[in-house]
Amino acid sequence: MKTAIYPGSFDPVTFGHIDLISRASTMCDKLIVAVLNNSSKTPLFSVDERVNMLKEVTKDLPNVEVTSFSGLLIDFADSVGASVIFRGLRSVSDFEYEVYWAQTNHVLRPHLDTVFLATSVDLSFVSSSAVRELSSHKGDVSAFVPAVIEKQIREKLNY
Amino acid sequence: MKTAIYPGSFDPVTFGHIDLISRASTMCDKLIVAVLNNSSKTPLFSVDERVNMLKEVTKDLPNVEVTSFSGLLIDFADSVGASVIFRGLRSVSDFEYEVYWAQTNHVLRPHLDTVFLATSVDLSFVSSSAVRELSSHKGDVSAFVPAVIEKQIREKLNY
Amino acid sequence: MKTAIYPGSFDPVTFGHIDLISRASTMCDKLIVAVLNNSSKTPLFSVDERVNMLKEVTKDLPNVEVTSFSGLLIDFADSVGASVIFRGLRSVSDFEYEVYWAQTNHVLRPHLDTVFLATSVDLSFVSSSAVRELSSHKGDVSAFVPAVIEKQIREKLNY
Amino acid sequence: MKTAIYPGSFDPVTFGHIDLISRASTMCDKLIVAVLNNSSKTPLFSVDERVNMLKEVTKDLPNVEVTSFSGLLIDFADSVGASVIFRGLRSVSDFEYEVYWAQTNHVLRPHLDTVFLATSVDLSFVSSSAVRELSSHKGDVSAFVPAVIEKQIREKLNY
Amino acid sequence: MKTAIYPGSFDPVTFGHIDLISRASTMCDKLIVAVLNNSSKTPLFSVDERVNMLKEVTKDLPNVEVTSFSGLLIDFADSVGASVIFRGLRSVSDFEYEVYWAQTNHVLRPHLDTVFLATSVDLSFVSSSAVRELSSHKGDVSAFVPAVIEKQIREKLNY
Amino acid sequence: MKTAIYPGSFDPVTFGHIDLISRASTMCDKLIVAVLNNSSKTPLFSVDERVNMLKEVTKDLPNVEVTSFSGLLIDFADSVGASVIFRGLRSVSDFEYEVYWAQTNHVLRPHLDTVFLATSVDLSFVSSSAVRELSSHKGDVSAFVPAVIEKQIREKLNY
């Protein structure tokens, strides 16, 4: 597997994302972690902040690059010469949405394939949306994100 | 990705399996297609017949090997030095069973990971169990398996 | 909708089946209720007993016929000139299995289509397997089947 | 089956909708394709544009009418004398939502029933939301909609 | 079971909620029905109106209290000394969301547990969202809510 | 909550069962753990062996009793005066089967209710069927069962 992409919102990056990046990076020559710039949502952190957070937590993984993209994932994959997309799977709802887009993208770009990794058992309660929910009420998120990310969440939300 | 395994029953091999083998083989150095020798089931074809069928339909893929195994998948993976297991996903029922065993195997062998590929859209009606059901009533299975496999099914079931 | 089939095991027929037959029969010219003769299962009632039970409970529906069949459903549909198959849907597990075969049968016979009806709310706890489980322990099944069927269950199981 | 309705958003109409209209129209005397005027969403095409698109792609089906409606589906069904509602089913998420409303509508209007058709296999990647997502980034949607609809999408979005 | 909470939106309270409150109240010494004050949604009824409706329909259950809360459910549970959270389950989509938060809350507060009750069969078509949808079009909601609540809905929406 | 039952196969008891027993026992006056004597299955351990294993691992929980039963769960519940049944939930497949029987049992015995607890996150890979599968191939099951149970499994299967 030459070049692979792991796209997502990463708002913010969690232990779950870091686990998946670590596992996926052993399966390819280069892994590009790509923050989707989705203008229709109001994120907690800006795209630049999320890219910097990801760079910080992946700095010891030499074949991981971090960047951002807008537009269609299949066009971004073409532009960086990637042949594989990594996605995590936790729930049945995830599964149906993800398989739908994996199949649709494979119809549109037959040379591009999506591979799925299941969430590790001990991280299956970890999600960015839980971090956002908990932190919006000044809750403890140390079980969900590294200390360096928790610090930035607390600064952003003043607690 | 160095060495990967694609385990299954392959009773018989279908266009769906061949599609997955073809896609998975581009993602690793060596792909070992491994027929599970499950003594508690009564198969249509013997393990040896299934291994030979798989060799026939994968003969043009140079980095694919075919073999069989008994016992635990994690022990077989250790014995051939594989670090990745490929599995196909079609339905939600598949998903829950497969994710359960991917997570359990990862707890038992942290160096071993499972990656999932979604069935291609135009093959999503193809399954070995449909082939067995249709052929048991002398039905047409040409949409499900290559001609060389269909011939062996018809010989086995006398039609 | 000219001629339609409603296939099933009907072991035994329940209020749920009767509700579906009644609703489906208003949507077609002729509805053939067809008991599958599946030799690989050990039923509570024989195929003939099930056909007779169905005739008894549908005797007031003039456009409903009851029969049995062996082999593939698509071949039976061809033999009676049916263009539509009716199936009930209750659970997600039902759904995946049923949609799989609806799609596969439509690939094999493009002129044959499957339509699904959802179980009525107040009958959603009714199933043949619950009747078999309850009656095997001499339980009360009057909420699940008409009195005429309950009588035959009690005779068969001596309670 | 006398008069049936196929309600939806159709924003825009896809090959999947056209397949379902074509199959449903063979099962009833008259099929009314009804665009829901849902003021709480911002559509890509206006209700009138969607009605005209549907008229264009169904012009060869003599027993199909196209119209729009506001308010409750059960009230619209009463107003046109329909006894059956057609709905397509693709995913488990669809299934639960659709069965919920089929059951609720049947409680509210016992004379009104909902029948479900499964998406055809080779169109299972087709959805209006994918068309909107792809076209918003000037992507190729020719696998999802007829040429006459693609033309209107490109005009609307200037590409 | 000493003190338990049943949190929710209750916009408005339905026969389904009342059934669950009645069943849960027999399992604990005190049941606190707690209306979530969620500022990010636009409700049909204000938090105070919903608290008053709940007090009205639970007035004959002596060990039931009604209140409202903002912020995290786990913090509210701590503040009232509750050890158990009750939640209703109807669909698979419910199930995945609810189990996710039950597990996450149990990680964050090991002394706090969530127990689930299945919707009663004959109320499985009842939901607050259906009430809001139907009443927004001046539909009949008498199968979903008690007369005293229906009266307030009709007053609020002028029909 | 006076007397509750936790029924199951417990073949063998796992850390998952022990976690559920421990959590459920805090919610009721008396918890009866009841091994189902299901003559249609060939178990790894006899009913008596399973009862003794459960007594061993619950000996420090004063309000927990262990017994076995045959026949219908609702009849057993009546015979011991229980008003609540506890069941664990892990997967969507579990959920549908369990909710079906909870609803059916509630129709048959309105005074009897079923409450569900979600599997704890860190035990979600633990199941009796995995223990049976692993131990049948002399695999390590120490992550699934207490040492005292593992010893009996190894003795039973000679490894």
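For clarity, chains are labelled A, B, C, D, E and F in written order, and residue numbers in each chain start from 1.
Heads up, the rule we're going with is that a residue touches a chain if its C-beta (ideal position, glycine included) is under 8 Å from a C-beta of that chain, and two chains touch if they have at least 3 such contacts.
These numbers come from a predicted model, not from an experiment.
For the interfaces C-D and B-F, the C-beta contact count is higher for C-D. Centroid analysis (C-alpha atoms only) places E farthest from subunit B.
Each chain's centre was taken as the mean of its CA atoms, and the one lying most distant from subunit A is C.
By residue number, the contact pairs of C-F overlap by more than half with those of exactly one pair in D-E, E-F or A-F, and this pair is D-E. Centres computed as Cα averages put subunit A at a distance of 30 Å from subunit B. In whole angstrom, the spacing between the mean C-alpha positions of subunit B and subunit D is 38.
Centroids built from CA atoms put subunit E at 47 Å from subunit B.
Looking at subunit C, residues 92-93, 96, 103, 107, 121, 124-125 sit in touch with two or more other chains.
Of all possible chain pairs, the ones that touch are A-B, A-D, A-E, A-F, B-C, B-D, B-F, C-D, C-E, C-F, D-E, E-F.
Residues 91-93, 124-125, 127, 130, 133-134, 137, 139-140, 143 of subunit E touch subunit D in their complex. Touching subunit B in their complex are the following residues of subunit D: 92, 121-122, 124-125. On subunit E, the positions that touch subunit F within their shared complex are 1, 23, 26-28, 83-84, 89, 92, 95-96, 98-99, 102-103, 106-107, 113-121. Within the complex, the subunit A residues that touch subunit D are 71-72, 74-75, 92-93, 96, 100, 103-104, 107-108.
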